[in-house]
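Chain nomenclature is as follows: A, B, C, D, E, F and G, assigned in order of appearance, with residue numbering initiated at 1 for each chain independently.
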Amino acid sequence: MIMPMKLLEESLNRKVVLLLKDNRTLEGVLTGYDEYMNMVMDDVEENSDTVTKKLGVVVVRGSNVVRIVPA
Amino acid sequence: MIMPMKLLEESLNRKVVLLLKDNRTLEGVLTGYDEYMNMVMDDVEENSDTVTKKLGVVVVRGSNVVRIVPA
Amino acid sequence: MIMPMKLLEESLNRKVVLLLKDNRTLEGVLTGYDEYMNMVMDDVEENSDTVTKKLGVVVVRGSNVVRIVPA
Amino acid sequence: MIMPMKLLEESLNRKVVLLLKDNRTLEGVLTGYDEYMNMVMDDVEENSDTVTKKLGVVVVRGSNVVRIVPA
Amino acid sequence: MIMPMKLLEESLNRKVVLLLKDNRTLEGVLTGYDEYMNMVMDDVEENSDTVTKKLGVVVVRGSNVVRIVPA
Amino acid sequence: MIMPMKLLEESLNRKVVLLLKDNRTLEGVLTGYDEYMNMVMDDVEENSDTVTKKLGVVVVRGSNVVRIVPA
Amino acid sequence: MIMPMKLLEESLNRKVVLLLKDNRTLEGVLTGYDEYMNMVMDDVEENSDTVTKKLGVVVVRGSNVVRIVPA
């Protein structure tokens, strides 16, 4: 049994891909999170339908997260 | 009487199909969950309308889950 | 006065029809539930607009439920 | 001052019309409710845009309720 | 400083207009409310886009309320 | 560091513009609020796409608020 | 490990870009926040699809926030 929060812990300082409810994806290094699944990422590249953006550091509010894929 | 969380426990390390609110399905092995129905899955294949993706390990935020079908 | 949870209890091991927020219906035997209206059903047939599927056992997250009709 | 829950209590065993968020109405006898406005109704007739259905007993999850009109 | 709940108290037994999230308005006498902004109204006239209805007594679930205007 | 609630306190009896989730704006004097960001405003003028209305006193349910701009 | 709230603290009095659920962005100096991610910003420029507005001081309700990018 792997608790979801435990997997986030194991993903710290590794690349992850976040999918958000508005279909945006954020790809970057997971550098922090809390119990609401609020997250901090670094070196983020964001993709939404047609646009790609380099964002650097990003704080994501957990309520927008659909799934996290450790890369 | 089978408590929903009990059925998740019995589904550990087995194949399940998750349906999410955005109509996405995730098919893979359930390796973890918590009381919010946040889940960890492995060997995930994701289907959304027209696209199929191999995702490997995935953390799903419980608030997006519609139903879980043990395979 | 019949408490909603009491009616669910009386519906255990009986056929019910669940209507979900995405207009999907699940018809099957109610085998479990908890205080969030998360439910376990067996022998489920799912109908959504044009598609009918046999699903077997299903866990439904309560936040998606609109109404339950004991059959 | 009439507390909303008090009015539900006074409506027990009487006809009420429930309007749900998806614009569905349920007309029937209120036979139970709890503090989340989950409700039990009997002899329910459901109307949604073009379809009318006889449903008998129904449990409604409170989060879907817009308004209740005692008939 | 006028607390929102205090203004509701002062509006008891007076005419108010409620705007709901589905753009429906309810005009009538406020006869009760609770801490979730669930409300009881009397002599209600409901307007939604093209339809006007006389509803009499109505219980509104607070989560649907956008704003209240004391008349 | 200015706590959001502190800024609301400093905005009491001043003009503010509220933006709501349905894209409606309310412009008026902030006369009260609580910890849910429920608010009381006076001398309110409401703008929604094509319509402008004078509303006088208004109670806004906090869950509808997007942002507040002290004028 | 960088807690999301810690990163907000480090962003105080610096420029940040907020993305909201309605696709609006607010660019300005973060001058405050609380545990719900309600935020106070100053010197805000707001962009929504086609319109750019100078707003000065803004309080944002946290439930609308998607992501925060320290500039």
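Rule of thumb we're sticking to: a residue touches a chain if its C-beta (ideal position, glycine included) is under 8 Å from a C-beta of that chain, and two chains touch if they have at least 3 such contacts.
Note that the coordinates shown come from a computational prediction; the quantities given were computed from them, not determined experimentally.
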Common touching chains of chain D and chain B: C
CA centroid of chain C to CA centroid of chain F, Å: 41
Between chain G and chain B, distance of the C-alpha-averaged centres to the nearest whole Å: 33
Set of chain A residues in contact with two or more other chains: 63
Running round the ring (origin chain B, first step to chain C), the chains in order: B, C, D, E, F, G, A
Chain C to chain B touching residues, read off their complex: 12, 20, 22, 24, 26, 31-34, 38-40, 55-61, 63-64
Complex contact set, residues of chain A against chain B: 1-8, 21, 23, 37, 62-63, 65-70
